[in-house]
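Sharing a structure, written as structure tokens. Questions coming.
Letters A, B, C, D and E name the chains as they come in the text, with residue numbers starting at 1 for each one.
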């Protein structure tokens, strides 16, 4: 069994506990060991570091990397934002000697920053054999069209995250296809969801996320799949706000990748925390997920 | 090796001359000999002092049909000369001799004195009561010999060795010292070594692959690659010319080093070059293929542009 | 010796690298003054002995540059050059010459900026060797 | 005695290099009898000063420190010749491109210039007079590519009485221009101006036309290229075929219609297009039933002329040519790989401008009616996206396609003319309309034809309720825009023609970093390729519009005529030569020579040595570097000369 | 006779070192058995058992020496050359030379230092020779390559030496041959002794009677010489190792744009280039021609012109030949006197 350091970050321990829950279930199903990083701190993506300026945006993830450096060879950060911050810090530390020295002054010892940082898609692709997955899911997702929504920070900036095509990412697809789902063409894979503007300029988020949902439905998508808690929040939590603002009547489920895979593996929506999703609460289309249990 | 003499005699029926060895009374070791008649062939010997690579004489005898007694390493030189077109395969009759490994007569002479008859038996080399272990005075190339049997031959003589070839020898002595040197130390090392070069060109003349001979550019006044002055920098440059011209062609027979009257370890250069050539091109001189600097296949030349 | 002038000999093929160096000039790209260019028709014309002779005569560095592989004006000269020069480069440590002092590279007629960059970094690399030794 | 001339090049050199000091230093060098600094050495007075010094001081070797020898070596060689010296007794020192222009410090630059002059003085002592030979030039030219460039070049060359072979890869000449509907800025019909020229080619006594043909192998050099041309088997006897198209009608096997940019299907046996020259059918085996295991023989059976021959094989024709014109045109950038946000080619109504051109054309698949591919509906809103695969660093394509702005404007105009109630939207970065009457044309598209120009890039194209949403920025308004269009036309960039790189390699000429064939000098030798005797015409050298293409084709033709009209060529004396008394007869030279220019020679005393076949030698000097005893030398780059330079420069 | 105890040798060498470089045979580091005359420093081990690869002639006729430097000067329209002769410099003493080497110095003296003034008197040779002290160690043993006994005095030759050491128990008997030798022997490091000189080595003898004529008789039999030289690789070792060979070449080397030097360096008649004419013609194109010349010069022309062989029987050409050639075999093959 391969064991990875696990960096949950704030979302997975608060607003996206269902992401954490489903991830642990899927990981367990494939014998992937997760060892939560001890005494982890903010990944550096919160507004605080940007607000205070200085090196905080690097120092925070650097400390996490430093802790991870004493543990397993690789660390997984399921939240796309955390992943991005950790990769960013890694990149900066290896290219900027002056910054590294400042970091080491703060840490009071030579920084260990070389731990391999993986995002969730990367980890699952590495650990899960599609053939094995297909065998275990027995087509539970067959007939369901999933729109893969990657968001922005998982694949950008490409020279830092070094993962997938920044304009046309495809790495979620082999897993979902193996699980039996169909993946229709969805041109808004990386279109902006409005991101953290939700607090300051909500109307921007609503407009942006609405278009994503609109195009997804145009493309025949039954549900969107994502790995970013912030995207999830904008697309799911705010779906009712969108409907209110634009007079639409969207009921598009938005799932975490681990939830989609969990369903395919036969876990119940409750076990996977899908019941916590607001879009499902307003959805008339939950029937499609009821089908999965029967399969 | 009593069977050698009749084989040479038989060969003489179809060739003009057979190159082999005869005992030198003065030196007490075998020296190259040219057998033109069956009577002369009675003097032929083959023992562990037959270090000379007789292939060196082949290009000079290109107009004759020549028989040659060849050890495994000598045969590589012959094969290389054929691959390069310097010698015609049909013009040579190769008598392949199973080689037990040759002793470094200079070392023997150091132990026993020049001219003392050396007796070689059962892993020991003896003379007038003194003995030394054979391995101690073996030529470097013979330790971990890669070709105990000739790659090219028309008839063989002697029992093929049943022993597996020894593993490549661990660098010892000067090789070990050289390997451990820094680049700057090597620069000084070669300067010291070549301060005693006298430009006698025995290295060149003893080398079977130095086929330019009389027209060698080292001795040409123009264009002046190396000055004529016998001093370390010029002698070093002169040797670099030779080494460069042997790139991908040297079969590692060690004759240049053996011939050097002032004991310059020339093989340090050639061994290094041969290793690099083998690593880069998978090529070892002494087979059927042309050297990698004379031929290439663009399609398979797929190196990275910038390493 | 800090501040010492680094003298570099460059063997440049007429068709690509030399034209690339001209291009750098046309674009007024400032370069270290230690480079001395010797024009040759093809990198295949560069006998490794020219490189060794340059070191013998006191060059601090030697640079050989020709057309990119596949672009040789004569078809295959640079492939042959590459074989010879690669061997040469690997032999240098045994000859007592720091391998950093020798470099071969390909520059096309349009790569003026690349040429200037190569001269700069090569000069710096040699300075580093000089200071380190 | 030696003369040294230091050029000031106005202030190009003298601003950084103290030319007076260099001349003074040169005067002190061994054997230098004359040294002076001249304002413009290449000018008339400059060359006269060289001549005067040669006469007065009886100079026999000249060193000129000036610009790059690539610039003026030939100029100064001629100057020496006029002064009565052998032109090769001259050495140039590059103190401009490689000295004054790249150094700021005068002291440093001057010192370097002195060094370089000293190096040249040392080198020129090793110079010997060289004499070039003369060879007869073959009075026949090869034109590769039968687009407008190749057609124009072939007609112009043959007009001078020089026979031409025109080789075209596809079944008909005409090239890209034949696919265009109308041309900017005059809006005259492309076919109407091109077709007569195509016919003229076919009928011309001095032009041999080979279609379905490609250059296989090129040997030799200027004046006498031996070129193998492969004529692909088309299973149709060109002599017999009348172009009646019965075979095409009856052929049951569909095949893509290349001429119509894949918008419709053609047949396995077909005539390229109705105006094709030659008007003959050709069979594409990969689509033919007979060649894929079937029993069909329909075309053979039905052909009234008995022209179909299934056993026809490729034919390799060898010809000698004195000169070659490359006119291979351009290819279309495949945008689907680098623009996934435009739908990766999944939306049928996102098409390229080349396809749109066929929709506009009366000879196109829709008979000149604009119908969108998905459902055949007539579009009302048409969005044009400029610079797809042009001026886009993120797609690795920084270059401008140079025609996109103009043809997009043209297509907007034609759209309005075809569908009066349509509305065109043009996303652009900048409107580039530099040619004669171009700006007025663009302005007309805006004013008279009402096209809406939106300055900004397009980010995404996605479907919405049967339409395509083109989402982009309007950088002038500073806002996001969404245009709902029925049809989206992408102005895809131009690339080098497929196979151009391979052809360039065969011709021994260079391509630039964008893949187009490289000219020798952008201003002074814009139609000459790197190999002597090879000229470039049209878009093979870089994207250009029809007027520029025709102009360049004419220029290339003039070069060919100039080259071949004299009947003989001067050969370079800078070839290898063997000193037989130093040759060891090892023939390493022969092993490495790329041109087979080394032969065996048996001397009177029986020694076998190498000999150079001068007519095959191209002067690369690879043999020189491979010759261990130094018996073979490249004239002008001998070991002696290079060593003299090398040793001197390190003193 | 004078006697020097073994323990005083170091003191003697140190005394000599005060105003001269002392050259003594030493084994070269990292080599198996290469012995060369090299500058001696206190503590260095002197090798007297093995034979040196090169003779002491290099001390009077160096492998390369600069004869003079020159410089071009501009004089109006023309270039003029100015010459400056290099001057020597320092004294040298050689310790433990062999009698055969020392004897050859006399042969060289006759060539380069013609006292009569009729012939050649080389200033560079004169300077080096005048500054050289030769201390010879007489051979009491030999190896099978030695054949000095073929010539008049054999191992007992004294010519060319200043002082000869004879090994005896506890030290060396010292026989002064020249004034310099007598001065040295008078030093307090020496003492009087009445020990007997030890018996000297008897080396191989070859038949030298009528050798010159025998050679000339065979001269035109090129096949004989081809057979004789067929193993010869045509390298230059035998010439360079020979104490009596003295051929040289002269060339100029530029050291800057305007200045250079003229050099003299060893040359060997076994090289093809030795007789290569500028036309490209070579009168001695084969190794056989060259081998014949080398032997004929040593044993025929030179004795005819100078009354002595150009060989002292040191045996280096036999001991060090990379092809194992033995000059005595050739002499034998020429037939009996």
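The definition used in the following text is that contacts are C-beta pairs under 8 Å (C-beta built on N, C-alpha and C of every residue); 3 or more make two chains touch, one makes a residue touch a chain.
Here the structure is a predicted model, which is why all the values come from computation and not from measurement.
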| item | value |
| --- | --- |
| Touching subunit B and also subunit D, the following chains | C, E |
| Starting at subunit D, fewest touch steps before arriving at subunit E | 1 |
| Central chain (by mean CA position) | C |
| Farthest chain relative to subunit D (centres taken as mean CA coordinates) | E |
| B-C or A-D, whichever has more C-beta pairs in contact | B-C |
| Remotest chain, subunit B as reference, centres from CA atoms | A |
| Subunit A and subunit E: spacing of chain centres that average the CA atoms, whole Å | 90 |
| Distance between chain centroids, defined by C-alpha means - subunit B, subunit E (Å) | 30 |
| Whole-Å separation of chain centres (CA-atom averages), subunit A against subunit B | 68 |
| Cα-centroid distance, subunit C relative to subunit E, in whole angstrom | 47 |
| Residues within subunit D bordering two or more other chains | 581, 592, 626, 639, 643, 651 |
| Sequence positions of subunit A contacting 2 or more other chains | none |
| For subunit C, residues that touch 2 or more chains besides their own | 47, 53, 76, 80, 84 |
| Those chain pairs that satisfy the touch definition | A-D, B-C, B-D, B-E, C-D, D-E |
| Residue ranges of subunit B in contact with subunit E within the complex | 24-34, 36, 52, 56-57, 104, 106-107, 109-110, 113-115, 173-174, 177, 196, 198-202, 204-206, 213-215, 219-221, 227-231, 255, 258-259, 261-263, 265 |
| Residue ranges of subunit E touching subunit D (in the complex, touch as defined) | 72, 74, 77, 79, 256-258, 280 |
| Subunit A - residues contacting subunit D, complex | 165, 167-168, 185, 187-188, 190-191, 214-215, 218-219 |
| Residue numbers on subunit D that touch subunit E, as the complex places them | 28-31, 33, 118, 121-122, 581, 648, 651 |
| Residues of subunit C touching subunit D in the complex | 7, 9, 14-16, 18-19, 21-22, 24-26, 28-31, 33, 35-42, 44-47, 50, 53-54, 57-59, 67, 70-71, 73-77, 80, 84, 108-111, 116 |
